[in-house]
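Alright, structures below, take your time with them.
Paired with subunit B in one complex and with subunit C in the other, subunit A is shared by the two complexes that follow.
Right, the complex of A and B next:
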């Protein structure tokens, strides 16, 4: 029989964590919703209630439209590289043919993950420099001087140059997740399919892919969610420019809050970002079957 | 038992009393500025130590953040309960905004009883930009200006005289290009750098009365066609006289290209003279930006503004804060400022042959010779207008927007700002 003190003792462990979460996650979240209906600055003495005005302005704001499109580009390109390409790379690295050099390749792919976004962004700023940068120097060196670009300084290329860095840095991480997942697939399945005469590609399509559905879905969701909250790379590399050509919602949110000093409007943008990531999460919860396999 | 309790209580009382006496005697001030880089950081630290020696009851804690994020951080901490007592500020709209929102202490009451000191020590023309709604909210510690610096050696090789007019400048471009030099090195990656160019072109081309009205939050319209002309002239200069890839070039790279001798002209602040003195391997000189012969604006004014210190409205120690500001803007600090940091001090008689280099003395004279100063555009306008303006100019320079489109965006945002200012 459980004594009263025993019955409540789990609370000792749960309450501190729950309290911290409430104070540092849910309370600011609720405040953000409230603030999105006000207009105020960090230094203004009071707040003015404006109802839905911030959201109405947001719908008409060209910078929000561009930022949202850039987030969608981020998501689409990231899914292609960090989910599709990474999964293919993981499958190749797990193949017997690559078994000897796979550990080395895994390390090589994973090293960029260990670097801070700030450092990576600064290094790539040098690579992208239009005059002395590595990329333009290589183009000039192989006779393609006419293809030299101000990679971060042109509205045509800036967002893609920023997105490329994220792919370079994150592919190793997602590939590692896939490798771990692929390693759990029973070898019997491969042996059986091999006896049936399946080629490597057929094994990939009919064994590896179906057996990795769970991890693929999780990585897909995480990648898309990260694409809607990305901030460091575009902020450091371009600040969202030229114009708003490489702006994403998070950088525009930051600009609205701390540069334009429009805290209410920035809160409204944050609500949009929150709604998007929550939608992605809802899709995950609906589609995910995580844990059912083990029952 | 009684005895032990009594003794321990006595010790406790003594400790509490002692600490409260110490607290009453020692005033702690927080100073926030924008120079974590050398030599300015060490200079300020040394001067603050000197201040603490003069005022043994005052301790000053210094914090600093680099220029680019200083404005963002300052706005946030001024709105918090941890506002610094004394902080660096630009004059113009940036400082006005802080004063308008009640974040800055008016210095009028101090100045009223200190009028003689002010007149004897600070150039009063440099105090005026810190005035908002009739009251002074800050004191200047440097006066900065922007001038066209040119490579004298290249000009001599080309057989040209420094440009007196904007047409002279444009006409010289082909000659310098033929010599393999960039006529006017230019960067437009950072908003503030572009704003200095746009501000100058506006000043020279747009009628002063139009500018006076448009640069106010409550009356800004930017509908005068001269603004479009100013942008078109800027683009003409960049297209025919400047380096490639300007949107990917930042100001420090731009300055480095000039210092490396690769460009004939560079539009720089006087505060940057120290970089030229340290590294430029050629003769150089500076002049006020050339006149626009067909411009309706002011032709002999100079872009620039004093920068200085303000006191937070939340300070618990206004008198000590004012004392610290006085120490930072005048006296020995002002005498050492120019030689050590390269900033042109705004204190009376602080920039002389004894305290500054010949270039710095010349810079101070050029500021004095100008018909007046006009504020940096990014400090003169509301930040929302600045963003719309400068984002548009970046796109105009790469050819994806026209000058008319840029000004339409500016007009739209100006209307929003006008509404906010008048509501």
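Right, the complex of A and C next:
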């Protein structure tokens, strides 16, 4: 055995990371639960204990209900585009037929992922413009004037217009994850099945899909979890409006905290966000466990 | 392994049953694959257009006058206004750029160094206590910043970090530590322990072993971790708009909001500002594609 006289205790190396994590991650998280039982303002120092009042109000709050539904819409639409469509695109791109052009397309598809949410939101604000915007001009151009909308200004379409730009921005990211995962599938599996006369679609269903179960689950979970914490897109594009029609939990949290100066109530909304993300993670844990057992 | 074999067996047996069918239809099969490839090509092409058109539109319109953006935003500029770029740069974007650079570079340096230190300590601190410590540290992965926003805001006031670079750097580092520790630790575990036993016999302290052996051997993973952190900090939006009030300290994502409000309707200059802001990460991606992809993959393990 070695003597340890010349060695620092390994714990010393862990101290900076542990200190930062405790002070800026765990402590605020716990404090948030405490704060959700208080009513207070950012400017005045006093905090008033209100018991379950914030939560009682939250259940009755129409804006919370709309926000939660919008988060769910965000999740459902994001799963369709960022899990299902992205996976299909990744599978197509990995077909030998497209091998020459695939490297270029991969880079192109990835460019939106690199842009700041502010940039993407500003550009699409031009496209959504009721008069000069691309979408309404296209509709007018193909004779569908009656379908023209004030995309961001109408409470029927605002949330969908917001969700759409997230798909535009993030599909390239999940597609890249799928591509890398599909590349690790053994070529023998494809050769064996093509010798058997399997078509490309049969190969997709019987080889690509089952071999990608794990990455599909991971991307599914990450996509849903992100849908419950989304903030930048609705905040910049609509501010949650008109009314609360495109509000999500994070924008409503922001509004309660920094516009209405109701910090306790905002903390209670944060508890809801936390509960949603934890539920998603619990589902993942369960699914990955049962997946392991079945093998 | 087993799942590979299972699928292989399954596909094989299914095709034993179906080969007799497919042999009768080679022509139909070929026709189907032609349709298949045509449809696939169209899908890929449409997706390329959907992705690139907004980018192309932005670059083209960043070279127009506001008047022209309104009247003919779908055509090429009649006069190429490169001055928009100069105006955007001098009108504030240079300062946001510098702030983003300072914040990102500091966050990347600190995150990678502190994570590497921690990972080094963790691989030496074995046993159940070590595992518990690891779980505690990477448990932060499960916490999204939105959830702690109100207490963090208060914490920034109490520490007087609010409205300074530290208000961004410190939370960025804290929230990027878990994934970075995970990444670096996995790599450190592959370094043979004989190496530092030998170094120890040569009289190296563990401090020296870390700096002279572990860090240089792990360059690839440290770069990957750095790229992943830089990607996060360059585009981070929530903390950037809440913890910074002064225009002179804003980073690109929040600065562009102020930039737009200040410009009012000078759209050409705004679009030029957007293009300038997008360039660094795109250039970084082109040069560091491998690190980017590796980082993104490990980043997705989140949760």
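Criterion: the second predicted complex is superposed on the first by the 281 of 295 C-alpha atoms of A that agree within 3 Å, B and C clash if a C-alpha of one lies under 4 Å from a C-alpha of the other, contacts with A are read in each partner's own complex, and residues count from 1 in each chain.
The rule we apply is simple: a contact is a pair of C-beta atoms (placed from the backbone, for glycine too) under 8 Å apart; a residue touches a chain by one contact, two chains touch by 3 or more.
Every value quoted in this text rests on a predicted model; they were computed, and no experiment measured them.
Subunit B and subunit C, once both complexes are superposed via subunit A, fit side by side.
Once the two complexes are laid over each other on the shared chain, residue contacts for A:244 go to subunit B alone; subunit C is not touched.
When the shared chain is aligned, subunit C comes close enough to touch A:124, but subunit B does not.
In the superposed pair of complexes, A:189 makes contact with subunit C only, with no contact to subunit B. The superposed model places subunit B and subunit C at 90 degrees from each other around the C-alpha centre of subunit A, with the value given to the nearest 10. In the superposition on chain A, no contact is made by A:66 with either subunit B or subunit C.
Of the two partner chains placed by the overlay, subunit B and subunit C both lie in contact with A:42. Shared-chain residue A:155: touches subunit B; no touch with subunit C. Of the two partner chains placed by the overlay, only subunit B lies in contact with A:255; subunit C stays clear of it. The larger set of touched subunit A residues comes from C, when the choice is between subunit B and subunit C. Between subunit B and subunit C, the smallest C-alpha to C-alpha distance in the superposed model amounts to 5 Å.
In the superposition on chain A, the residues of subunit A touched by subunit B in one structure and by subunit C in the other are 42, 258. Those residues of subunit A that touch subunit C in the complex are listed here as 2, 6-8, 10-14, 16-18, 20-21, 23-29, 31-32, 35, 42, 88-89, 92-93, 95, 97-98, 101, 105, 107-112, 114-119, 122-124, 126-127, 132, 134, 137, 168, 171-173, 176-177, 180, 186, 188-189, 192-193, 196-201, 206-207, 210-211, 218-219, 221-222, 225, 229, 231-232, 235-236, 250, 253-254, 257-258, 263, 266-267, 270-271, 273-274, 277-278, 280-281, 284, 295.
Residues 71-73, 75-76, 78-79, 97-98, 101-103, 188-189, 244-249, 383-384, 387, 391-392, 394-395, 398, 400-401 of subunit B are the ones that touch subunit A when the two sit in their complex. Considering their complex, residues 2-4, 7-8, 10-12, 14-16, 18-19, 22-23, 29, 32-33, 36-37, 40-41, 43-44, 47-48, 50-52, 54-55, 57-58, 61, 69-70, 73-74, 114-115, 117-118, 120-122, 124-125, 133, 136-137, 140, 142-144, 146-155, 170-171, 173-175, 177-178, 181, 197, 200, 203, 205-207, 210, 231, 234-235, 237-238, 241-242, 252-254, 256-257, 260, 267, 270-271, 274, 277-278, 281-282, 285-286, 289, 293, 296-297, 300-303 of subunit C touch subunit A. Contacts from subunit A toward subunit B in the complex involve residues 41-45, 128-131, 150-155, 241-245, 255, 258-262.
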